[in-house]
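Got some structures for you, see below.
Shared between the two complexes below is chain A, which pairs with chain B and chain C, respectively.
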Partner chain A sequence: MAMDQQAAPLTLAEKLQSLPKPMIYGILLVVATIPLFFSVKLPNKCIDPSIDFYAQAMKLPDGSKVIICSDWTNSTRGESKGEMEALLRILMRKNIKFVLLSIGDPQAPQVAKDTIREVTSAEELHGGKHYKEFEDYVNLGYFPSGEGTIVSINNNVRSVAQGKKDFPEGSGPKDALQSPVFEGIKSVSDFKMFFLVTASSTNRTVLERLTNCPMMYMVSGVMVPENTSYYASGQLKGLCGGVKGVYDLENLMEVGINNPGPGQITSDKYKGESIPGWPGKTNTGKGTAYYLALHFTLALLIIAVIVGNLGMYLSKRRAN
Partner chain B sequence: MNLFLQVDPKSFWNAPHGSTELTVKLFAAFIIGIGIAVGLTFIPAQLRKWVVRFVTFGAGLFYVLFWIFPRPISRAPTDAPRGAIEGMSFWIADSQPVIMTLTNVIAGFMIGLGIYSLLRVHFSKIAKQQRDWAFSAVLVISMLLMVTLGYADFLQRQDPANFGLADQKNWGLVNYGKDLLFDGLLQNMDAGMFSIVAFYIMSAAYRAFRARSIEATILLVTALIVMLSLMGVVEFMWSGAIDSISKDNGLIQSFKLSAISGWLKGTIQTPAIRGIDFGVGIGLLAMGLRLWLSLEKTGGEA
Partner chain C sequence: MDYSLLKQFVAVTATVGLYSVLYKENKFYRFWEHVFLGLASGWALVILWTDVLKSGWYEKMLGASAADGNTAVMGYWPYMFLLPIGLMAYTVFNKKHNWLSRIPIGIILGLYSGQQFSAWMTYYGPLLNDSMKPIVPNTAEFFHPATVVPGTVYVSDALTNLIALLTVISVLTYFLFSFDVKSKVLHATSTTGRWLLMIGFGAIFGSTVMMRFTLLIDRMYFIWIEFVKQGLLHMK
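Showing the complex of A and B:
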């Protein structure tokens, strides 16, 4: 009977093409998890979009005002949270006040607030300023109609905050427009920069409608290609993309641009300029923590593709 | 509700925030709105179609005018319009924030519509005890719990007497409950759900990313170069090797991973994406015009 017959053993080509899913998933789990336990400083070459992002952020006058549109939630926290933390560190160290709003997801304002609380506590521990809600930043919350809201920001930024309440520390809710962040603000051009931290399609919503304020984006890794064309055209002053972008920023925060010393980062675009960093301060965060894991998972992905193709090639050769 | 608060001077359409007058006006507007919606169901379908077309055209026309009509330049709050053109320009600029509030309210109603639809489907499933009705029950209970605790927490924080809630030491059951559900569960499940994508990508890359044709091979090699360029260690070692061959030869230097991936992104990827974007933009413009002029029939008739 057929039951007594042994099935023909798989050839190497067949084996290479039919690795079981649980095995692939198991390897990925191990490869992605183990590097998270080690904080390793890897060699890195910062890319131009990240260098521009850092340089433009550092050129913002101390004490100036910016807008942060935070449209990420914990689904992309591996990338977006690191981006938000790096941005907040830069702004807080330069004492820049900001308006916070969201047009992408109702969860986003709470997630952003949690991150602000974490970063301000960490900065305070190392002698930084305690960033107070309402005084140093004002939270306008979530706007369901992103398109109309961005048009309004461009047209009459104060109208967007009209009727919105924020919660100052130690007192009840107050009108957002009474916040010191809105002092002297007549139009959106009074804000020095519009930062968008996003993992969704709000990048286009903002880009198509905001014309009176310079913009910089922090996007997830998969969004980098589409946003690179806007960076290349000059519509975006800088672009921070994915874990690589965060790692670049963390390195730049450590050594700055064109400053002699160990780990020096040079940029021909800023030749003759020296943009400082904050050596000795806590500059490492999610970028440093996840960059090793990114290396390992990318390496695994490349190996998986090579193994699959090798199996296919051997099968074809055998068939011929 | 701040719908008309920004309109100055105060008129019939204004009412102070939190006043009884505002509540009465809101209630009256709600009743009138319901009346109009119910009234629309009684008019002939042919006429209703024209009502929908008229509203759609009016809504679209506002933003068309907003973009193409000359805008006031260096306008001071006390400036009065000189002539009809400037008057129109002032009116459009002043109306836009009100339209923005209206679109936000309408988008808020869409969330309400989604909740209604979700509850209708799952309550029906529970009532008829259809397959997997227990999951529906979990969904409904979770939703009600989140709404109840979330709204109770929001109301507490709105009260000026409760400013101490900023400190966790002053939290009560409601605040801890909301924190557990939102930060403790939802946020982490959100992250957990998305991380599953990595497993699918890995599996798909292994099974489907094959060099079966010239085009697929080009795609594969390009992807490998870009992925390698994202790995700082590989990039560093590769650059070191290139530098050791020659630091001055431009041709050799252009074989650095960052140079190759930069060329791929700048010369191949960006123009390709721009081309696609132009096509999509033209398509969107055509679709926008069709929707605005009610020529688009695929969404169903009114």
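Showing the complex of A and C:
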């Protein structure tokens, strides 16, 4: 009986509100993919947190020592890997030694080590120094209690490394404290900066407990609103957030700050100072590669919101 | 032999498998989900031993003799008492002895509580300090001139600070006066606070969407650029 009754054709309003999900996902995949094949440099205005991040990193004395707390894994590779790569390029070009550790995830140290290996190989191809594990950086691995670990780092950084073994390539395990990275290090204040690359709540753990070393964060896009208040209050010396932050850093690495020339980036805060970049070197990475695609996907989102609301408006008008 | 292309192929298959759930629930998706869970659990167990228990407790307890350029370390036998304390946590599964599990939990709670006193101040102190900003300008100039005079509050600064102050007060009012208030001023301030919170949540939601899109773009980059273009087709 019901078969005899033909279903009424959908109105435009109903069609707009009932687009099949696989179709929307399909469009999204296409829109996210096609721009990746085109290398287009979008116009950009670097924001103050990124400028501060770059300026403070560039002001670190060549050959000094820092700590990198890497708390990201492949689940946020899209944002965190680009951040880590940009940071490593800056540190390696300034010959800065670093201690690597993680308080966020057991997978994080290995993911960070893989990234270090990739970046040092790329830098070596362009005449850069090969960063050797144990000699130029030392990996302390994973610490399960972030709270206790950061308090220990703040109070006695050597006690944190005591008993920890590093596993450099082509050699047996070595005491982390024997590494040249720890030479002359008595307290955490001997490190010039504490960098946190994170996609989890370890940002707060560190902020609450580390008082004897300046800090800069590299966080995922979703964490930017929260961390901006820490940057504004001066708790962070600089902040790099999401793909926008990475794109800023990649631009800054190309032209520096307050240097005359094409694509000049100026900053009132550093007026009278000229912070150099590395023109001609490989400065672009995931930030530049993803920025165009991100704009396209966000445009698609806006269109989808307009289409959905238009459908709702039309169906309400029809009902009235 | 370089297995990088094979490794990439497995990773691409895993990515496609996990994304296949967007079409519908299927066995291919389930397979890769379980592979991921198994790998993550296995990896965590290994790290738990190598990075945590072995280096942080076992070797410190037993000590080590000098070898391969590493110095000798004296054993610290009191660390052996940590084992029974840690094992007490597992008595939570036993009805008769589960009270024992409260001992390690109590120790952890005590340590954490002790830390929180200083942690609270380190965290909120600078934020509270930063929220106290001047709202009265001490110059008639509106915008920052070419050379900013230290200590000068320009009109634009004062307006920015005023907006920040009003936001803090209205949001605090919204949370403090959550009951039915009679005062029209309080009601209006509270409503403003709610609106400002909504704007804040909107900004956070926007950031979240942007991040999720980036993660998708990264996967597409991996499949189409790193695997297909650079790996299979050897194009730059």
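One rule holds in what follows: the second predicted complex is superposed on the first by the 315 of 320 C-alpha atoms of A that agree within 3 Å, B and C clash if a C-alpha of one lies under 4 Å from a C-alpha of the other, contacts with A are read in each partner's own complex, and residues count from 1 in each chain.
Keep in mind that, in the parts below, a contact is a pair of C-beta atoms (placed from the backbone, for glycine too) under 8 Å apart; a residue touches a chain by one contact, two chains touch by 3 or more.
All of these numbers come straight from a predicted model, not from anything done at the bench.
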Specify the outcome, clash or fit, for chain B and chain C once both structures are aligned onto chain A. clash
Let me test your reading of the model: by the given contact rule, A:E147 touches which partner, first (chain B), second (chain C), both or neither? both
For A:V111, is the partner it touches chain B (first), chain C (second), both, or none of the two (neither)? first
Is A:T297 contacted by the first partner chain B, the second partner chain C, both or neither? both
By the touch definition at the top of the document, which applies to A:G172: first (chain B), second (chain C), both, or neither? both
Would you check which partner chain A:R77 touches, where first means chain B only, second means chain C only, and both and neither mean what they say? both
Which partner chains sit in contact with A:K281 here, chain B, chain C, both or neither? Use first/second/both/neither. neither
Is A:N156 touching the first partner chain B, the second partner chain C, both, or neither of them? first
Just to be sure I read the superposition right, which of the two partners does A:G234 touch: chain B = first, chain C = second, or both, or neither? second
Look at A:S220 in the shared chain and tell me whether it touches chain B only, chain C only, both, or neither; answer first, second, both or neither. second
Counting clashing C-alpha atoms after the superposition, which of 21-29, 75-83 or 129-137 on chain C is the one that bumps into chain B? 75-83
Dual-contact residues of chain A (chain B, chain C) 21, 25, 28, 32, 75-78, 106-107, 143-144, 147-148, 151, 162-165, 172-173, 225-226, 229, 232, 294, 297-298, 301
Flag every residue of chain A that touches chain B in the complex, lowest number first. 19, 21, 24-25, 28, 32, 42-45, 47, 73-78, 106-107, 110-111, 114, 143-145, 147-149, 151-152, 155-156, 159-160, 162-165, 167-173, 225-226, 228-229, 232, 244, 247, 291, 294-295, 297-302, 304-305, 307-309, 312
Touching residues of chain C toward chain A in the complex: what are they? 22-23, 40, 43-44, 47-48, 50-52, 55-56, 59-60, 68-71, 73, 111-112, 115, 118-120, 122-123, 126-127, 129-130, 144, 147-148, 200, 203-204, 207-211, 213-221, 224-225, 229
Chain C touches which residues of chain A in the complex? 21-22, 25, 28-29, 32-33, 36-37, 75-79, 81, 106-107, 109, 141-144, 147-148, 151, 162-165, 172-175, 178, 204, 207-209, 211, 220-226, 229-230, 232-235, 242-243, 268, 271, 286, 289-290, 293-294, 297-298, 301
Touching chain A in the complex: which residues of chain B? 1-2, 5-6, 17, 63, 66, 93, 96-97, 99-100, 103-104, 106-108, 110-111, 157-163, 166, 182-183, 186-188, 190-191, 193-195, 198-199, 201-203, 205-207, 209-212, 220, 224, 227-228, 230-233, 235-236, 239, 258, 265-266, 269-270, 273-274, 277
